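For reference, the structures are reproduced in the following blocks.
You will see subunit A twice below: alongside subunit B first, and alongside subunit C after that.
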Partner chain A sequence: MKTKLTALAVTTALVAPAAMAQEMTIVSWGGAYSKSQLRAYHEPYTAKTGVSIINDDSSAEAVAKLRAMDEAGNVTWDVVDVVAADAIRLCDEGLAMEIDADTMLAAAPDGTSASEDFGDLLVSDCFIPQIVYSTTFGYRTDLVGDTAPTEICAVFDTDAYPGKRSLEKRPINNMEWALLCDGVAKSDVYDVLATPEGQDQALAKLDTIKDDVIWWSAGADTPQLLADGEVIMGSTYNGRLFSVIEEQKQPVAMLWDAQVFDLDGWIIPAGLSDERKAQALDYIMFATDTQRLADQAKYISYGPARKSSAPLVGKHADMGIDMAPHMPTDPENAKNTFLYNYEFWADYRDDIDAKFQAWLAK
Partner chain B sequence: MSDATQPDTAIAGPVLAADGTPLKRSLARSLRVQKMRAMALIAPLLIFVLVSFIIPIGSMLFRSVENGMVEQTLPLTVVELQNWDASTGDLPDEQLYAAFVADMVVAIDAKRHTRLGTRLNYEQTGMSSLFRKSGRKIKKLDPATDGPFKEQLIDIDKKWGEHETWAVIKTHSVAITNGYFLNAIDMQRTPDGAQAQPEDKRILITLFKRTLIMSMIITCSCIALAYPVAWLLANLPARSANMLMILVLLPFWTSLLVRTSAWKVMLQQQGVINDVLVWLGMVSDASRLVLINNQTGTIIAMTHILLPFMILPMYSVMRTIQPTYLRAAKSMGATNWTAFWRVYFPLSVPGIGAGSILVFILSIGYYITPEIVGGTKGVFISNRIAYHISSSLNWGLAAALGTILLAVVLILYWAYDKIVGIDNVKLG
Partner chain C sequence: MASLTPISRKPLSFVLPTTAAFGALLGLFVGTANGSALLGVLIGAAIVAAMGAVFILVLKNEQMAKWISIVGVAALGFFFAGLPGAIIGALSGWFFYWITYWLYEGRYRAKLLPYLTGRQVLWHYTFRTICGAIFVFLITPILVVMPLSFNAEDFFTFTPEMLRFDPEGYSLKHYRDFFTNNEWQRSFKNSLIIAPIATVISVSLGTLAAIGLSQSHVPGRRAIMAILISPMIVPLIISATGMFFFYSDIGNWLEGTLGLPKTFVGYVKVVLAHAVLGIPFVIITVTATLVGFDHSLTRAAANMGANPVTTFFRVQMPLILPGVISGGLFAFITSFDEVVVVLFVGSASQKTLPWQMFTGLREQISPTILAVATILVGISILLLATVEILRRRSERLRGMSPT
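Here is the complex of A and B:
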């Protein structure tokens, strides 16, 4: 009996490493987003290579967990989906691998190099952009009265639009919108926000609607609050609003004005074994090529990060509606936009967040 | 036992056991074997507690003071900084700049300089990009040949020519720091010693106070709600008591998140409770009650969630109270109230004590429920700890906050022991 067990243990030990290579752990956000990745990337990749993919919905805590794994010396993730700001921090902390876009990523079908195809969106040496999403407002068409809001400052106008609004419980985006509606020119927003006076100005503007705000911390909050009629308008990610409007058919419309673009994409953790690193790179090469990025937009309303993918965006796979008009990058929606200022928030996040939280608690 | 044999030995020489060895040694040996066996039996638990409890808490306590990063990343600079007097207002000399470049070249090679930038950014806004941006340019310098560096560094970024930058690095270059603890109580470590944070950044003391006060309110409302339920459970006939017990336990077995989200549906302004009140005409449609996203929401939801932790210890104590005591009191002329207050209630106090300790300790560490229903005024210190663990990555500050919370609990526990007596607590 005992020898049998030992024999079994030895076989498992011998088989295990070989099986490992056929399996990889990919970390993402869960929900509809992971499902879109499953259908656009994971399933075709498994079909092509036979590598099975394990999903782990831990992206929300990815930075802290990667740091803990690194300290424990045992990184169990192969590819991780994070927002760009987190990718920058992981890169700073030495927890993500540096990527050379031109050699490690696929070129566009017309031969344009990857670095040119992604362009400015390569905001960190470790970051491989995947989608452009935006944080923007949705409003209840039946609760805002006869004149529907068309611009961002409607959020601060409680006379014209009485009722509750939902805003994210963090300074990022809110401070910019407040300054913008307090008469600061778009090009000066970050210069103003870098000064203590500018921060006070933004908080003073937010003060005018503080009693009318419900603060959210999860992306699903605003859609639920809108659907229940708890708020008349609220900020959230554009994909969430898309599903409220198109899938759940709620009386909600988008206010694209002053939407803030942000990026989401992949990083590969630093310190993987050569074999796993090669595997992760192979996956990344496949999953971020022009066609694959365009495919993801069939399942969720986020814009592909490659310029060359934009013309390939078609109809929603299940509902059959045209996806291009729902993309945050669509010219009609992108008349007035902001791009998340990564450099600024990397520096000011701790400071302004402390002030913002102190202000909230007052 | 061995003590008892001592007088005999003194009088009549060593007492021998049956096998000829001195009795004392023989007894000690057999006791040792027993002790070893007892140790072996509790060893799994001991090792488990050590590995899963003592070591993590110890390492957390250490993290709150550990600050070796500056010294490890910039060893030569830290030595030079000892010779620099920050109080004069002069910039450091060339020697320090040269040491800094030498350190940075090594750190950039190992990709450690941005990590240091993140660390120092907790203390001084702008350090993160200063280290990241300057790193790209310093990388190209050769510490041996490219000197002098003072002008070059100031050219790379004017912040290297500011007194404050170097003062911050010097202030935080000690290997063991009180900086995180100062931050945790709304103060900061400065070149001139500990100072209060500017008023618009003070938040943590408020949160500590709020956590304690609200936990006490939650504990009190749990006592008020649980006492009658526990009494019913202990005094009803078995059939109905079992039914009631299932009703108490059912929510206990339901996922915490589901229960908290259910409260959202109940309490929001367009929610069930408000709808019913409006329908009954008790509140007007325009002035619906605000029951969620504030302290009320946190208190209601957490009282509900923690209620079983109060009911169960109370119930197990009340079951042991003999009904004959009450009958005896009444037979001697006590009214119902006197019999309850003078006889039943004092006997049930150990259950209240056990439940209160459980509920209070659980609630000061609560995080997910306040986050979902607490809005801005109903969040606890643990929400801030979570923020620093997973978002800002300031683990030192998170550890300091956690340590303070732990100390507060221990002090309260000690106070409870002094006032009520921990022997009075019974879980059954």
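Here is the complex of A and C:
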């Protein structure tokens, strides 16, 4: 009898914290980006609800890991931050939960429904947009000579700008830029890229600078290479460049031309228990409202995905500089932009990837 | 050591080309850094050979040659790379002087046996050079990391301030970040929880397995041994994938049927996975110690009425303890350094230090990683030194000479 009681006591002691433990695992990209989410979303949410949030910096392998977790029947993530392209893939595979924007997301303060507030950025049924970012070029102000580059084709001009440049080790963006600088009109880029000849044309253009390229795969690579002076210019996410320029005070400037717009946001994994699903939805409702999205822009230079958040973007929380001019959505910066074509890359990615990798290995 | 062989001066035709080769080597580095490797090699060889000729033929004063060489090459280094160049230059200058006289006076033969042929002498020094080079290539990457961890900037870069030894270029901020940043502290704590528990499990199970497998009457001992050691041989990524699915099921059962809290189950999974990785090391080291173990001792103990458990703890254990400890040390390091399995099996609440370093490297190349690496190197040196001191002490107590 006594042992039974002890066993019972032990079990309750072990079970009790399980029921009490209000804990969520949120997956994101790490670095300054996770820090901005911590300060804009996680900390206020914990203060409001008492739910503690564990950050897992695994977004880079989110698709693969979610597949494995789903197969093992052991999904440990509650909310996952992914780029729009990954969200579309996860949604197609049934690994992400479908979201009804109007009932599950907060309306704008003036009553505009969420679906209207996010507008075109709701690119998938499962995707909850959070930020607009762009992939663009930064250059060393002290290494590019007297005339700083002002347009994208400077990347391909090794005569005017001799030196190494860093490009991402994948076809996306690079192929578009190559065609643009090979004389293809912006509106025709994806039509040309859909043909094998167009793909060869893009690769031929990239071939002209292949010897001068250092290929990167992590967002932190280009900032490091620029700071080292190993490259004179390189592509990366605009928020990373902002940090190099404004926070680290490196002699680097940004090239706002033909930068590629892309979206990043949340998904909720499919197959969570009801309790965890409710918790995740509650977090999403809180973290993607107009004010929170505008708050994130205080810590990192990515534009909020809601139209209603734009007027609320203020100054950087620590440095006090005005953030609006550093946003990819700022009119001054967005004069000549390029919108990532999700449908095109969903259809052609595997083919062009294979071609690109074969070209790289040559 | 006293001189074994009478030494005599060597001809310049032998001395100068050899020293020129060393000069060419330094010239290669300087030349590559300044644009032309070939030019560097030629100039380096010419300068050092000329220096040697002047010292031997004209100057004929070893002390003076020494200082001229040090100051001269240091000045050259200063011209190319400032203060750090001057320091490297001074060291090289001393080396050039030393090697010139070492060869010219025939001092290299002084400590060798008199009957060695020229080839044997050459091999004697080649062998030492190769050993030294291996040592340098092993250690340099670790040494480079240490000064970089005191970088005042957030990049893996030797800034001009650092190269000028300007105090402004150095800072402890990455160490401060490690000690104040929650993510780092949490992962450090996790490593300190997981590694010792996994070590205790692998040491207990591994020692028992080794003792069992050393008995000649166990059927299929080779096969069992091979299976137990397989985690060491199978590529880690494959074990990790298998473990992921295996421990997911166990975890689901622990959480679902027994109702244990999620975090606790997470730790259990990672600890068990790491224990499996550590067991082969314990088995191998303990088996090696058991080879020299005299089994008549256990029979003697049994003869005097001790049961097997008492025999194990009072007779066998003390004798194989060195093997157990070094196996445990390996198991600890395995768990403490492990990143692949924990990435698969663990969830974010079990994030260990290597995991944090891995994501830190990929997402933000922050020198905090270097600060942590430096601290870990320090801890490892302390740990190994302690074990070595304890080992020597126990050997001294037992009247054996330290080896």
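Following the convention adopted for this analysis, the second predicted complex is superposed on the first by the 341 of 362 C-alpha atoms of A that agree within 3 Å, B and C clash if a C-alpha of one lies under 4 Å from a C-alpha of the other, contacts with A are read in each partner's own complex, and residues count from 1 in each chain.
To be clear about the criterion, a contact is a pair of C-beta atoms (placed from the backbone, for glycine too) under 8 Å apart; a residue touches a chain by one contact, two chains touch by 3 or more.
Predicted, not measured: the structure shown is a model, and the values here were computed from it.
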Subunit A as common anchor, with subunit B and subunit C clashing or fitting: clash
First, second, both or neither for A:T76, with subunit B first and subunit C second: second
Partner chain in contact with A:G219 - subunit B first, subunit C second, else both or neither: second
First (subunit B), second (subunit C), both or neither touched by A:Q248: second
First, second, both or neither for A:W29, with subunit B first and subunit C second: second
Touching partner for A:S273 - first (subunit B), second (subunit C), both, neither: neither
Partner chain(s) touched by A:S52 [first = subunit B, second = subunit C, both, neither]: neither
Contacts of A:W359 with subunit B and subunit C, given as first, second, both or neither: first
Touching partner for A:A346 - first (subunit B), second (subunit C), both, neither: first
Common interface positions of subunit A, toward subunit B and toward subunit C: 60, 224, 228
Subunit A-touching residues of subunit B, taken from the complex the two chains share: 110-112, 114-115, 117-118, 121-122, 125-129, 132, 197, 200-203, 206-207, 264, 268-271, 293, 371, 375-377, 384, 389-394
Complex interface listing, subunit A residues touching subunit C: 11, 14-15, 17-18, 21, 23, 25, 27, 29-32, 54-58, 60, 68-69, 71-74, 76, 218-221, 223-224, 227-228, 248
Subunit B partner contacts - residues on subunit A that touch it in the complex: 60-61, 63-64, 67, 89, 91-94, 164, 169, 200, 214-215, 217, 224, 228-230, 343, 346-351, 353-355, 357-361
Parts of subunit C lying in touch with subunit A, wherever the complex brings them together: 153-157, 183, 244-245, 248-249, 251-252, 259-264, 266, 347-349, 351, 359-360, 362-365
